[in-house]
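What follows is subunit A paired twice: with subunit B in the first complex and subunit C in the second.
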Partner chain A sequence: MSTLLEVRGLNTVYRTTEGQIRAVDGVDLSVGRGEILGVVGESGSGKTTLATSLMRLIKPPGRILKGGEMLLDGEDLFRLPRSEMPARRGRDLALIPQSAMHALNPVIPVDKQVAEAITTHGEASRKAALRTARERLVEVGIPPERHSAYPHELSGGMRQRCVIAMAIVNEPKLVIADEPVSGLDVVVQARILRLISDLKESRSLSMMLVSHDLPTVTRVCDRIAVMYAGRIVETGEARTVFEKPLHPYTRALVEAVPRVRGPKQDLQSIPGDPPDLHHLPPGCNFEPRCPAAFADCKTVDPSLEEVEPGRKVACLLYHDDERE
Partner chain B sequence: MMMNESRSSTSSPGSGGPLLEVKDLDVCFGARGRSGEVAAVRGVSFGIAPGEILGLIGESGSGKTTVARAVMGLVRSATGSVRFEGREMLGLSERALRKVRRRLHLVFQDPYDSLHPGMRVREIVEEAMKIHRVGDRASREAAISAALEEVDLTPSSRFTGRYPHQLSGGQRQRVAVARAMVLDPALVLADEPTSMLDLSLRSGILEILKRHRDTHGTGYLFITHDLALARHLCDRVAVMLGGRLVELGPTEAVVATPLHPYTRMLLQAVEELAPPSSSRAGYPINDQAQESYATIASGLQEVAPGHYVACYEMSQPTLDRPTTEKEE
Partner chain C sequence: MPRPSGAAWRRIGGRVAQYALVLLVAVSLNFAIPRLAPGTPIDYLVPSEQVATITPEQRERVLAQFGLEKPLLEQYRLYLTGILRGDLGVSAQQGRPVVDMLLERLPWTLVLVGGAITLATVVGGGAGFLSAARRGGRTEAWGLALFMFLDSMPPFWIGMLLLVFFSGYLDLLPVFGALPTSGAAGGFGLTLEFAQRLVLPLVTLTMVRAGWLFLVARSSLAGELSEDYILMAEAKGLSRRQVVLGHGVRNALLPLVTAVAVEVGTVVGGATVVETVFSYPGLGRLIYESVLSRDYLVLQGAFLLLAVGVILANLLADLLYPILDPRVRAESLR
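On to the complex of A and B.
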């Protein structure tokens, strides 16, 4: 699989009254063609800031620090002038935002909205755009009789389908989905994820899917990157990460997943509080909550190292051999 | 576990636990002069024993929150019967209700919306005691500390002076739980209390609820759409669809041997969302049939001890029911 997106040294900071915080802290990642990369993290881990940074939609008091690279098909989008970005959004890379309800215009029928996403970029006539829009709506599972409905007339799942149609209508190279199923009922969640898997197959969609829900991400993604306090702390093939998590944080997340099959086990919670980006510990960010921490963890800030082919982890537990 | 089983076997849908008995609850919301009424809850009956956690499972719009609101006496148009500690709640005056509510508390879904942003943690937890004129200043202060420690906000002095915006989501929900527990209620109605929380914090809140049940014998109506979560917490679960209960039984029995097609569909969805595992039970799933399930049968029928289902087909004696697997 060839690489479509390559991000190197991405830093996004926010200025706050208590000083500057680094919401995305030196992130490197890549997405292959036809691959879905899952970025998993909890509230405040920086996953939404990461998605927004890649769309170059960060607004003050936030900014992306100079020096990072975002190569999409070999072209560094961070070097483009800001004025160039609106033409790229939707075409080179499209966003499926967090709340479908808020992403849609309440006073325009959904087929017209999807068509607008096409005409915005020029070439097509209004009529042709509407035809294409309706084809995409059918593709994502909206029956023709619902095409001229207003967003409020549709269920949450249908609205999410419309937003997905809008994201794929210009055949972008990369789709970035921010929590595409959170807030939906379980049955609907399962259906939307099935749709995403189907689209991946039929259109060989390349996608970065951001979510707090580790099991969901494991299901649809090829690879996973786990974020904590703005950093990627573990990456690897999705099932391997879920079945054999290495980083103690990933392990804790896996143990917190309630299961409906198999023996009933006690759910584990992670002690302590989520990290405060204003006051990060000098060593490993997870050290204050880590059950496996040892003395060095208080002082040494672990880097993300490859421990097996295709598997990286930022934890001293796995770095020992190399240092000796 | 043994305790839970004996508890649940004494309860039947209508004449259930002595703590809460809901019988033939109907709630209609009128659409004034428009296309008539919407029946949000139809003929719902269940009971909760002291110290029992009953999970009320359903999707958005299934009526589960309306059931909780009716139990709190917040729905004027509710008919049927809601008996809490032997006393009929429906039709009580606002004044009488207020007294009962000392024994009955709600924990809301969103800890960002349910705490007053202008009140400190101390005032938030104290408010209910003030309303019910419980104790004096000193004893209330002690109760606040105890309640905060009980939800693992320790030392409590670190938190009493803070405002909600100075707390994380998990801490806020703990404050909301402490507020519900400070008057030592007999029944807590928890409406999706963990759905807004991150996975790693969720289990902490569930642990607190369980511990409180074990030490104080509090009963819970735990509303959720997540059967996997319910499995870890609830003694029994009741599944709602379109305002009706379609299945009710001991949690393990419902999860291992779901009888109603809708329950199977929910389980199928949960399994599909779960990471791949070797032991998958493939249930037939029919997307379109969902609505018709609710209308097939109205009454719940007992098909195994304590396990009820509202589905004509599944309650036929000739049908081979899959045997319940022993999982523990």
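On to the complex of A and C.
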């Protein structure tokens, strides 16, 4: 599988009253053509900032530090002048934003909103764009009689489908989906995930899917990257990461998943709180909450190292050479 | 925009009926308030220097002239039927029908208030939107400071400053009234004279009211721009300009419509002060004069007219809202 997206050394910082925080801290990642990469982490781990950074839609007081690279089909989008980004957004790479419930303009019918994504990029007439928009809406499962509805007249699942239609309408190379099923009930979640899987098959969609929900991500993604405090701490093939997690944080995430089958167990939660990005521990960011921590973890900040082919972990347990 | 359906017409009818009820309440209050005021009607109906000296017969005659010797309910009935006939009584000071006096002043105020609201909406609202779109920049900082300053200035003070500067110091504009008192040219010349005299009161009133509309527009658009649909619109590939104008402002207009409607009442209040400062012959100045001379029927008539104006403005906003916002359309259909 050839590489579509290659991100290297991405740093996104926010200026706050207490100083600068690094919400995305030196992230490297890649997405192959026709692949879905899942990015998993708890609230505040930097997932949304990562997704927004890749769209170059970070607003002050946040900014992307210079020096990072984002190669899409070999072209570094971070080097493009800001004024060229609108032409790329929606066509080269598209976003399905968090809380898609509110991602639609309340005063415009949904088919017009989808059509606008077409007309803004091209030569298509309003009429032709509207026709294409409606075809896409049918493709994502919106019946024709609902096409000219206003967002408030549609259910959460329907709105989410409209947003997905809007994201795929220009056949972007990469779709970035930020929590595409949060806020929906379980049955609708399953349907939307099915839709995403179907679209991946039918359109060989390449996608980065951001979520806090590890099992969900495992189901639809090919590979997973686990984020903690702005960094990627583990990556690998989706099933392997879920079934044999290496990083203690990933292990904790897996154990926090309630099991429906098998003997009854108390639900495991991860002790402690996500770290305050203003005051990160000197060693490993996860050390204060880590059940497997040992002395070196307090001083050595582990880097993301390959431990098996296609498997990387940032944890001293697996880095013999980094221990002091 | 959908064509009004049967249901929409029913909704419009319902709204109009509601406002008619509000109007009836306003009319009744207008009837009641002078009668609840301390003192006897004689204090208000007879020029003050004569109150002490009039005879009981004269007193009876005055009361009878205004129908005040009749029972209260009968007075109320007469008041209502009078309004329906377009009869608001006769001015105690000038002996002319109140309706005539009001109609004579109304056009001047309509020009002033209508112009000020339009200008304040365009200037204040426009600057507010611009300021929200340029958040964090210098435009926003200066704009905010300027309009906050304007919003906190009393109208009479701004009016007097302008008057002193432009008419007194620079001698650019005439000071007094709406039309020259003598030697009036016809046609174009007269229009020019009127325009020159309108400038200062209009600018004063606009300056005073633009501040509030600026703040409403600014906070409304700033709120909209932080919504997720704005992010989505940008992610679709729209330019920032298209996003702000086509999506943000479109939604931010809603609170502004309400604010402008509310503004109608406030601007009329401001007009009283401004018209007095500039001796502009509008309703506001008539109210001021009538307060000074205790010309109660004129005041009553003027208040009635203002109430009608404010109610109409609100009705208009109420009817405009469903056109701008499909969510309101759905709600009022329920």
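Heads up, the rule we're going with is that the second predicted complex is superposed on the first by the 320 of 324 C-alpha atoms of A that agree within 3 Å, B and C clash if a C-alpha of one lies under 4 Å from a C-alpha of the other, contacts with A are read in each partner's own complex, and residues count from 1 in each chain.
FYI, contacts are C-beta pairs under 8 Å (C-beta built on N, C-alpha and C of every residue); 3 or more make two chains touch, one makes a residue touch a chain.
Nothing here was measured: the structure is a model prediction, and the numbers come from that model.
Look at A:218: by the touch rule set out above, it reaches subunit B but stays clear of subunit C.
In the overlay built on the shared chain, the residue A:250 is in contact with neither subunit B nor subunit C. In the superposition on chain A, A:273 makes contact with subunit B only, not with subunit C. Of the two partner chains placed by the overlay, only subunit C lies in contact with A:87; subunit B stays clear of it.
When the shared chain is aligned, subunit B comes close enough to touch A:43, but subunit C does not.
Of the two partner chains placed by superposition, only subunit C is touched by A:98; subunit B is not. The residues of subunit A shared by its contacts with subunit B and with subunit C come to none at all. Residues 59-60, 168-171, 198-204, 206-207, 225-229, 231-232, 252, 255, 265-277, 279-281, 287, 327-328 of subunit B touch subunit A in their complex. Residues 52, 55, 57, 60, 86-91, 94-95, 97-100, 102-108, 116-117, 120-121, 150, 152-153, 163, 166-167, 170 of subunit A are the ones touching subunit C in the complex. Residues 136, 227-229, 231-240, 242, 247, 250-251, 324-327, 330 of subunit C are the ones touching subunit A in the complex.
Chain contact summary for the complex, subunit A toward subunit B: residues 42-43, 156, 185-191, 193-194, 212-216, 218-219, 239, 242-243, 252-253, 256-264, 267-270, 273-274.
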